[in-house]
């Protein structure tokens, strides 16, 4: 039953990858900015969990809640200090990419100064060492916890976007920024809030990364950003549901190749991304763009 | 209808009636940068630094052709660079090609990969950027795969010591800079370049004006990839032993993009200045401030974007504008 | 000419543009309370720019804008909207949102209960909108979109309704539907109305007409006065009269 | 639109800039006068950040420790001038990037007038230095790069200081498996030169004993999630599971073993011996207990040495008496210094090939805290093999003990793991 385990692992990892990519998609959808420092925020979330655990014995699940307020603050500051100015440049999509490359370098350098270069981790025993049985397969508890947090985040985000006035305004900006301004939405306020939420989701994903991809180091940001990007493009830019679908496709591709052809497990997710892009150029759940 | 498309419809006549002063300027643009690097090698003997700088000039200009003139940003541009490096290595190993031919075959490898990937041009914006990145990653995992050791030597890397010749590689890079400048000058001045700009300004209008949008974009894509392939080929020759991750390093893409944007894309001089100055500064910081290298460089890039968001050449353009 | 107290909007010497490109020059415009005004002009004359500058989507470079006697050119868009200006762009809707959500966005910032009440009122006024309430807006036909757009713009009970080319991309049948809908709005003693258009159909709802060309004011007067002007008649009635 | 005149001005500015910038890069340099130089300039790179930083920095510290030791005693003894000469260090940061490393190596060699050329940690970052060293006739004091493409018959300009070639690392490990009569072996390795070489060695030694692995697969070096792989490995019912990767692979692998509740008779990974403190912090005490790893200094001890400090003395001085403060990389960096010291102290001519000749003359007659120093004809290190170590739980953590080969063992192996 190798395939069954791969299926379960693929879905669970998919939820984690979806969570890890969600913030990037929100920020891109609302601001058309490419946050190349996204992976570095994930890394910082991981370090937050390790430090709180090591020094105060804080359970990582508590840290998930603790990182939210500072993330919102960081998001606000980043938007008002850096993002807004770039958004008004000639080509915000590309200039933000370059700027956040710089930010990513700064975060990595500061993280090295603050935390050192070593891999930091929390022993996985926090979530038990006895695997849970799902459909007869022994699945590590930490995977279930991570996937569960991912699901909760998805549901909360869904409720926020579809059931609240601010969330509706957020989607309105994603749909058409000028139109949203014209009905009286203050795009700065929504953008700053969205940036905060995006940073928060990344930080939460970082905490879970400790258990899904084993530890965190200051240099892991780039790889995580690339993966997150692949996931949101797979699912469709500006589509939060699509992000999770993209995550699951990515997770399944990884787990099935790990099972049946491990040596191709680096190649397969990207090859599948390419194929899907060629068949459905706006991702799995992306809206068909009317273009020439 | 956009003004560029209108000019396009008025015909390419304007291209032929180029003023002589512009011709002289263009020739200088193609000849002076390589000459500058030739002279530089006489006064400064870290030739690998100069060679890498030239490689980045070629990459930034290649990126300029596709991004500056069509708006397509290939995040995985390094894929062509790596394809060029491996194209050369395989030509040497299996075809026993003389190195000059092997370098050209490296450029051809970049071109072939781009031709294979040309369906990606149906994508736009971030979708295109990430799809090209996925392609580069897939190519890396393919080439470094232990199951392909017999062909690519897999993860064990490449050794070109048998054809190593630092002086000749340097001259090849000098020529490459000239070729890259020539490509961009040509794209900028030619009817083809005007079509590209028309497409960028308004694809529909350009199509109505009789431009074959798909063909023009694909052509720019191939030029751009060939330049990267040649850059990879020459770099591979110059370092001669390398692991696959060294020539598929994502930071090569990022650097080329940052350099081009810093100088100003869509111009002839911008990416050249961007690569020379930013790569120069990068090395200067690396040599003088090794401890805080990354921090200083990161802050510098943020400041540049915040205070010079339209590239280096925008300063001059702004002044010219006011002068009028 | 409306007298000073009744003036809804008074624009003096307005200039605006994009980057190094100035599009609108020294433009004057007045709208009385409950008056409806159409600004006519060809493609690229600066009509949209005028509206964007009115709304604050584009900063005014020169001139002043008074709204019921209050200077608003320094206010943010959201503040102008709260003051009572509603705007329908050429697109007019949020394609990704449902029709209901579009209406909700039209009253962004209003108290919840009042917003609900307003939407029910409008659904009675625009039954064709009410029928499509749950579906996503991008599935609507062009005419339905305009209806939703107009309804959306009316949710906040504006004192001035600004429409950017409501006829764009519509077949003549739909254009008359939209005209009729606007006329309905007028009968309810609704807001002052400012429409920019290329299409003569909208003169049916106009009390006065402005003509803009090359970013400058070319003509202002009543519809009969416009029809009396030979060159303008040829330009606007001659070509599109049929 | 640009006008041609400004373009020409721009080009002139560019040329000027090039010249000024380059002059700035090459500003600092000292020239050796005739006779004895004022100081011995050692040029090296380190990774201040990036994926190699956690190995590179401790190695760099070890080298700096040696320099401070020598300079405190008035400098390093240079036989060719029969006197002690102070050491000057030029160190650049390559941030784990091979592209950056390449230009910086060239910078050291062409601009900084170095006498001794020491590359960064590991094969990936050392490889670019090999060509440069050869081109400029500088002897490369390779610290820890053991990959196969580094050593070629024609190249005289490289000596490996600290570790045996990676191809011979797993020799005792494979023989231990045969000695324990383990017949079901699973091998998972990283798709890179360093790990693939080791895996091939294990496989071929096992084949000599008639053992064919039940699972033999490569995964990309970037792999960080091992749950599914382990599940598939467990399905082959192995007695021994060998994971050959970098530290960034070993940590998630060992975590996944723990998370999944797997129990194998033998689990071996490459890096706990080299990065013990780091990995024990990351995976916890229980995650490491009874697993196997390569035994490296300072856990294999050499106190009877012909050059420099012995292991205990080094722990006392560098680690303030606590072995937990000393990593393998610290020892390796320090040992590189000792090899340089030996080369300078024995070469009759102060030239690069003179130093090489001296080291070849010493080969086989020379011991440091890193073990016996023995070179093959290509400059590769074939001295002391890496013995097999096992980690045993104590009250506070785990303890590394050498368990095989029995001649050097200080503890009996516990197989299968309890």
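Order of writing sets the labels: A, B, C and D. Residues in every chain begin at 1.
Operating definition for what follows: a contact is a pair of C-beta atoms (placed from the backbone, for glycine too) under 8 Å apart; a residue touches a chain by one contact, two chains touch by 3 or more.
This one's a predicted model, so the numbers in the text were calculated from it and none came from an experiment.
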item: Neighbouring chains shared between subunit B and subunit D, ordered by label; value: A
item: Far-end chain from subunit D, centres as C-alpha averages; value: C
item: Chain nearest the overall C-alpha centroid of the shown protein atoms; value: A
item: Whole-Å gap separating subunit C and subunit D, where each centre is the average of the chain's CA atoms; value: 73
item: Averaged-CA centre spacing for the pair subunit D and subunit A, given as whole angstrom; value: 35
item: Separation of subunit B from subunit C, taking each centre as the mean of its C-alpha atoms, in whole Å; value: 48
item: Subunit A and subunit B: spacing of chain centres that average the CA atoms, whole Å; value: 31
item: Sequence positions of subunit C contacting 2 or more other chains; value: none
item: For subunit A, residues that touch 2 or more chains besides their own; value: 108-109, 112, 263, 266
item: Contacts with 2+ other chains: residues of subunit B; value: 141, 145-146, 251, 293-294
item: Chain pairs in mutual contact under the definition given at the outset; value: A-B, A-C, A-D, B-D
item: For the subunit B and subunit A complex, residues of the former touching the latter; value: 73, 119-120, 122-127, 130-131, 133-135, 137-138, 141-142, 145-147, 203-204, 207, 213, 250-251, 254, 257-258, 261-262, 292-295, 297-302, 304-306, 309-310
item: Footprint of subunit B on subunit D - complex, ascending; value: 2-4, 6-8, 10-11, 14-15, 17-19, 21-26, 46, 48-49, 91-95, 97-100, 102-107, 110-111, 123-124, 127-128, 130-132, 134-135, 147-149, 152, 154, 191-193, 196, 218, 220-221
item: Subunit A - residues contacting subunit D, complex; value: 2, 5-6, 9, 13, 108-109, 112, 116-121, 123-125, 127, 129-131, 137-138, 140-143, 211-215, 217-219, 223, 254-255, 258-259, 262-263, 265-266
item: In the complex with subunit A, residue positions of subunit D that touch it; value: 48-51, 53-54, 57, 96, 188, 191, 217-220, 222-229, 231-232, 235, 247-248, 251-253, 255-256, 258-261, 278, 281-284, 286-287
item: Touching residues on subunit A, where the partner in the complex is subunit C; value: 165, 168-169, 171-172, 174-176, 178-186, 287
